[in-house]
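The two complexes that follow have chain A in common; it is paired with chain B in the first and with chain C in the second.
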Partner chain A sequence: MTEATHFGKEGAFRLAGDLFRAREHSTEVEARPISDPKPRPTSFNPPAPKRYYLYLMAPAIAILAFISLYPFFWLIVLSLQDVDIGGGEWVGFKNYARLLQDPRFKDGWILLLQYSAMCLGLQLTIGMILAVIVNNSKYEKFLVTALLMPMMMAPAVAGLLWLFLYNGTFGWYHWIFQSIGLLDSASILATPGTALYGIVLVDVWQWTPLITLIALAGLKRVPRDQLEANMVDGASPMRNFFAITLPNLYPVLLIAVLLRFMDNFRFIDHILVLTGGGPGSATKILPVYLFEVAFKFFKLGRGAAIALTLLIVTIVLGMILVRVFDKPKSGRT
Partner chain B sequence: MSVRVPRRCGTHGVTTIWKGPVMATITIKNVWKYYGDTAAVKHLDITCPDGSFVSILGPSGCGKSSTMRMLAGLEHISSGDIFFDDLRINDLAPKDRDVAMVFENYALYPHKSVFENIANPLRLRKTEEKAIKERVEAAARLLEIDHLLDRRPHELSGGQKQRVAIGRAIVRQPKLFLFDEPIAHLDAKLRAHMRGEIKHLQRELGTTMIYVTHDQLEALSMADYIAVMHDGELQQWGTPSEIFNHPVNAWVAGFVGEPAMNFLTCDVIGEGDSVSLRHRNFDIPLLPQQVRQLNGGAAAGRARMGVRPDALDIALERPGGPSITGEIFVNELLGGDMLVEVALADTRVRVKTTPEFTGKPGQTCHLTVNRDKWHVFDTTDGHAYF
Partner chain C sequence: MFYKPRNALYSRISRRRFLELGGSAATALGTGALAVGMNSVIMRSPVQAQSSDDAKWRQYAGSKLTFLSENTPPSFAIRENIKAFYDLTGIEVEILTDDLPVVQQKAGIDLRSGKSDYVLNYVQDKPIGAPFADFYVDLSTMFGDETLPQDPNGYGDDVWFENFLSACGRFYSDEKIIALPYDAAVACTFYRQDLFEQYSKDFEAEYGYRLEYTADTTWKQVLDFAKFFKALRESGADVPYGYAQHQGAFAWTTQLDIQRLMYSHGQWIDFPIDDKLGSKRPGPANWGDEQSVLMLQKFKEFGDASHPDNLANGTLELNTVYQSGNIAMQVQFHEFAASVENPETSVAAGGKTAYAPCPKGDPEWNLTGGPNVNGTNCGIGGIGINANASEDLQRAAYLFAIWSTSENIQYDVLAGLGGTPTRKSVLERPDVIAAQARPTKMPNALTFDAVYNYGIKDPNFVLGPKIPEANEYYSITAQETQQMLAGQKSPQETAFALKEQFDFLNDV
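Moving on to the complex of A and B:
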């Protein structure tokens, strides 16, 4: 990093010289008898010196460090301060200690996990079912196009759209819910008991298609011969799905689940538009609370502390997911 | 590799755990298979008797696999009917047809061990654990893959995969075995061994078997009946000796037999009782009953004479009877036999003889035809007169 950021004229020349030598080195290896006109595969070359690779990657590492590592460390530093408009005051771990006593922090976590679990469960189930229906149907192309539409909408716009649909006086969905007896006159978002479901529904509406698309791509590469062999062995279509199709879908489903679960931890646009965390704190999942603390009350230090815990949990959960899903004995014939 | 002679008493382990034979007469009635507009199988009519070993023989792309897949229920039957005994199975799901199939490309389950691969059909039928273990192990012993049961398919060679696929088929007793080129990937010695084992197994079980191959030696050596297919059409149905000795047309005659039959286009000369085949290198009369079989056919005066390399005798001196005169082109020693290629005016013929034959390339030689074993085919549609 230092090399990359600090090389002056001299450093640049040294770098160029090294690169040049590395080239020389590689042409030397490529020298071959005239009788062998075909260039050998490059993998036969001995590896270039390590330094050479480092030079090649240096610019990318520098940029990455600047845009991602620097803010990260700044976030850690921030979380140890009590920051106000004027400036910061070093407080050590006080921010974290306060979080442990903060009931809204705990509730935020519980709500976030509930929200995320509901979204993932519904999206996976519905997404898979849709994928199976769409796959090889006569109208596949049309259906895929139609499915893409919700995803193309900005989350905030989707939120606005659903705000109308949920509206207690003229909302169409509200009218449906009411007529099948699920709700009384109050909008789904207006009641603390149902607001979270309202939010989940929007997320499911917008992002189930993503799961469908990913699962559809996965379904296309499920080996047909295995399905057929299992059918002849005596499997019903249902068993065939669980015995052959699903295991073959694990790798792609892992990607889908990872994407969606991280999104749930990050994207709150539609929540801010729909409820802003209310009524009361019924939909104040942790990222919404974080937004409030950091940008409404401007407690940047405390916000940073929340953000860090969120980040750590995201990383740990992500790693666990990869472990669990990657297990099912990958392998190809 | 060591010699693959069965060390244990082959099939007994497998067969004893099965009950009596379950079999079925398979009737394929005027079946067609279209992929889009192209017909892969055309008006196929085959009846496989109860418990018979039927081989479908044909070159690549002639519709063998398509036929098998229709029998297994993996491919829609475009038109026609298939019956297992009296049961029309056109609309039956694969799992209800009670057939066991060995796929051309193995189609093993990569995430399951060899044991579980073989056990799969039993598990799907809710067999009890003890019986599963017994049968899988017996099948594995028979196929000499019992040391591989814990491996996964990607850790096996092609031949081993193929044997696992066979194991999965024979581990239970279906109404019908469908084997689609099951031993094409084995080495020659193991193939010869497996030919014997499969044949023996089928005998023991008495289960009807349809066995696809493009290897005529396999078909001839194993099958009770052979269906020769070409371009989606059934060319001939018959026992191996019928197919070999009395091919119904030039195509079957040329496809079956190794080394392949020699064909010579000749003029048909003469009328009444004395008809002969004339060529620039010979003029040989037909036998009396063959004249009757020709029955005034080949009216245009031309016919294709077909004779297998082993129905020809080669000598350096001109023999007494009618003979073909040619020039030795090349000698090939094939183990216990010698194959001599002889150049005639417009073509070459191959003759099987003994290694003691002393002719050298370039020498003039004389071929005697065993006229009981030659064939005459029509020049236009290729059908056999005899």
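Moving on to the complex of A and C:
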């Protein structure tokens, strides 16, 4: 006697439905009979209660909180005080109100955004081009080693090096810029109109290799089958790059762009060495002004207020960047 | 090598154990070294007023002091001769030197946080003295202490060059001395005498008076000189530019640069305060008045007639431009004469450079009705003692302070590395008098007549403004004037912007 006759006609249909229910959900999955549920084998290491893991992580969390969260909350407290290193008094939001009246704060923001946009745009473009060139080169190892050299240099040392190269009296780059008609007699750092380009150039020289290296790592992971299939379909190398290579690079480029974007908001060593924020305020991006306020004028409360606004804007812009770079990826899937 | 029991469980130390032991030892050593090395240490043998001088000098033998100083010749020379101090006192002194802005930050953090990692500080008058004056020991309480050795020449105003003790020692009150004059940088004019003589006739034909520089040469005439050389240069002649200013990254000297021009004309100063003592509440700024606007116009004219790299040249770079033969004239600090007179690094050496007082105010440019003077300013570096230190540390530090500012040491520094003495008695030595004329083995001495006989004397000397917010004041001054020099703001707009920001800064 078959099972169908044993359970009757209705029961037989239900059984068949159960046995082959996978087919109802997906046509891609092969329908198989469900095996009898078996009891799980008893583990020699039964899972511990969640509380146990919490205890294990507690020291690490405490240390993290001490070195990260405590300073953050202390920064907020500082920003609400008129304080120098020796002590201070509670002033509420006066520091923030003062920032709104401070033209150097506003100018610092505008310059910072200009500086970051120029650095990121140039580094991304040149870094990608270099990565493609290095990726197809038989001298790849040598080129990668050569590219690493600027990054190995401390930013302050790089600043000093370029200070000499830009020098209007004996600077080699100054002579080149003058010879090709890019500059008049004044050096690149001596004119407010060109000084910002001078420091952008240093940042681009030092940090484009980082983008190149990250992009190079991404290029190695681009699926060859997709590239070949596209070429079989008649796509040109350029089309191949934009249709296959670039979308595959978005995740790694996102990391590169985020790193450089945050660095531009933090690294001011070369600016301090090259111009100190001048001439006038031509290169006084907000972090340079923050450094002045906190460590030259010793106005820690005002400095903390600037730092907090900088932090908030960095987070917001970072989120926007993640969204922008995430879009093509979600579009593909 | 060592006895090993026959039934020992371990025949050798495991690698893990070895690393653990090594790590622990390194941590312990590092912590110990930091604890000992970073801080001053004090040892004391009690003395009385009747004790010998030798006992008084040696009462803190075995102690260790840390002195944070700017990287100037006296500190290098004293570091070279530090054994002499050790032999005298038995005190070890570590001299840490750095650029002034770094010294300012480190000293500021140390002083304001209540610490005393640096017991002795280089107290540059306005950048360090003005904001941190309250954190230094009042040295006048130690001057008469009979349990401490004292300098036989004393410490009164009369033993130092005029105004020096006030410059670095008195802030906001004349009852307290926070530092003794340790070194000095006083402004004077460096100019290429060879070029002035060569082009004198051409200049006279064009401007109607001789191309020569004297103590009565005015700012207006200096502007003529600058324009003359610039025009020559631009017409293709092989001559340097005429002039350049202290702009660049060092806001403090930018402020001094404009202050000389302002003060020369009617002794104009920024705030209505006692210039020598300063004030914690300076009141409304004088910027924006008729005289300040006129002076900014003239400052802009100087900028336009200057070397094209004007806005990138800080004080050091300006001197490099002069040394390399790219300008014919600079108002510079007299400590730079040693480098200018070095034939290995300077084309202006070998008798080509002459030294003169800073330019005088011009009657045509003076709307105040006040006197026209040779406005001269300075950076007087004092040596001060951190008030956070213990009393014994302060007393031990005092020994170094009076030793390093004594006549013999100042003479050694001048003769050895080209220092700039602060005690009058150094200049009375026959070889120093002889060194003020060429040929000389003490090139800085060539400037002494211009500096000590004219510049630092009243009514020429300007010290201030000594205000607690001095560093932000410098930053604002440099930023606004540089924007004006770059053509981004008019002189009038600049004057009003300065007033507005200074008043805001000082809560007026």
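Assume the second predicted complex is superposed on the first by the 279 of 333 C-alpha atoms of A that agree within 3 Å, B and C clash if a C-alpha of one lies under 4 Å from a C-alpha of the other, contacts with A are read in each partner's own complex, and residues count from 1 in each chain.
What we mean here is this: a contact is a pair of C-beta atoms (placed from the backbone, for glycine too) under 8 Å apart; a residue touches a chain by one contact, two chains touch by 3 or more.
What you see is a predicted model, and the numbers here were worked out from it, not measured in a lab.
Engineer: Assess the superposed three-chain arrangement around chain A: do chain B and chain C clash, or do they fit?
Structural biologist: Fit - chain B and chain C, as placed by superposing on chain A, sit side by side.
Engineer: Regarding the shared-chain residue A:G234, is it in contact with chain B (first), chain C (second), both, or neither?
Structural biologist: Touch status of A:G234: first partner only.
Engineer: Look at A:F93 in the shared chain and tell me whether it touches chain B only, chain C only, both, or neither; answer first, second, both or neither.
Structural biologist: neither
Engineer: More residues of chain A are touched by which partner: chain B or chain C?
Structural biologist: C
Engineer: Output check: A:D225 vs chain B and chain C. Expected answer is one of first, second, both, neither. What do you get?
Structural biologist: A:D225 sits against chain B, while chain C stays out of touch.
Engineer: Between chain B (first) and chain C (second), which, if any, makes contact with A:F73: first, second, both or neither?
Structural biologist: So A:F73 meets neither chain B nor chain C here.
Engineer: Please work out whether A:F164 is in contact with chain B alone, chain C alone, both, or neither, and reply first, second, both or neither.
Structural biologist: After superposition on chain A, A:F164 lies in contact with neither partner.
Engineer: In Å, how small is the closest CA gap from chain B to chain C once the two complexes are overlaid?
Structural biologist: Minimum over all C-alpha pairs of chain B and chain C: 46 Å.
Engineer: Would you mind writing out the residues of chain A in touch with chain B in their complex?
Structural biologist: These residues of chain A touch chain B: 223, 225-226, 228-236, 239, 244, 247, 328-333.
Engineer: Could you pull out which chain B residues touch chain A in their complex?
Structural biologist: Residue list for chain B touching chain A: 72-74, 93-95, 99-101, 103, 105-111, 120-121, 124-125, 152-154, 161, 168.
Engineer: Would you tell me which residues of chain C are touching chain A in their complex?
Structural biologist: It comes out as residues 101, 104-105, 108-109, 112-114, 131, 247-251, 307-313, 317, 320-321, 324, 326, 469, 471-472, 475, 478-480, 482-483, 485-486, 488, 504.
Engineer: Would you mind writing out the residues of chain A in touch with chain C in their complex?
Structural biologist: Residues 84-86, 101, 104, 167-170, 184-187, 189-192, 272, 275-282, 284, 292, 295-299.
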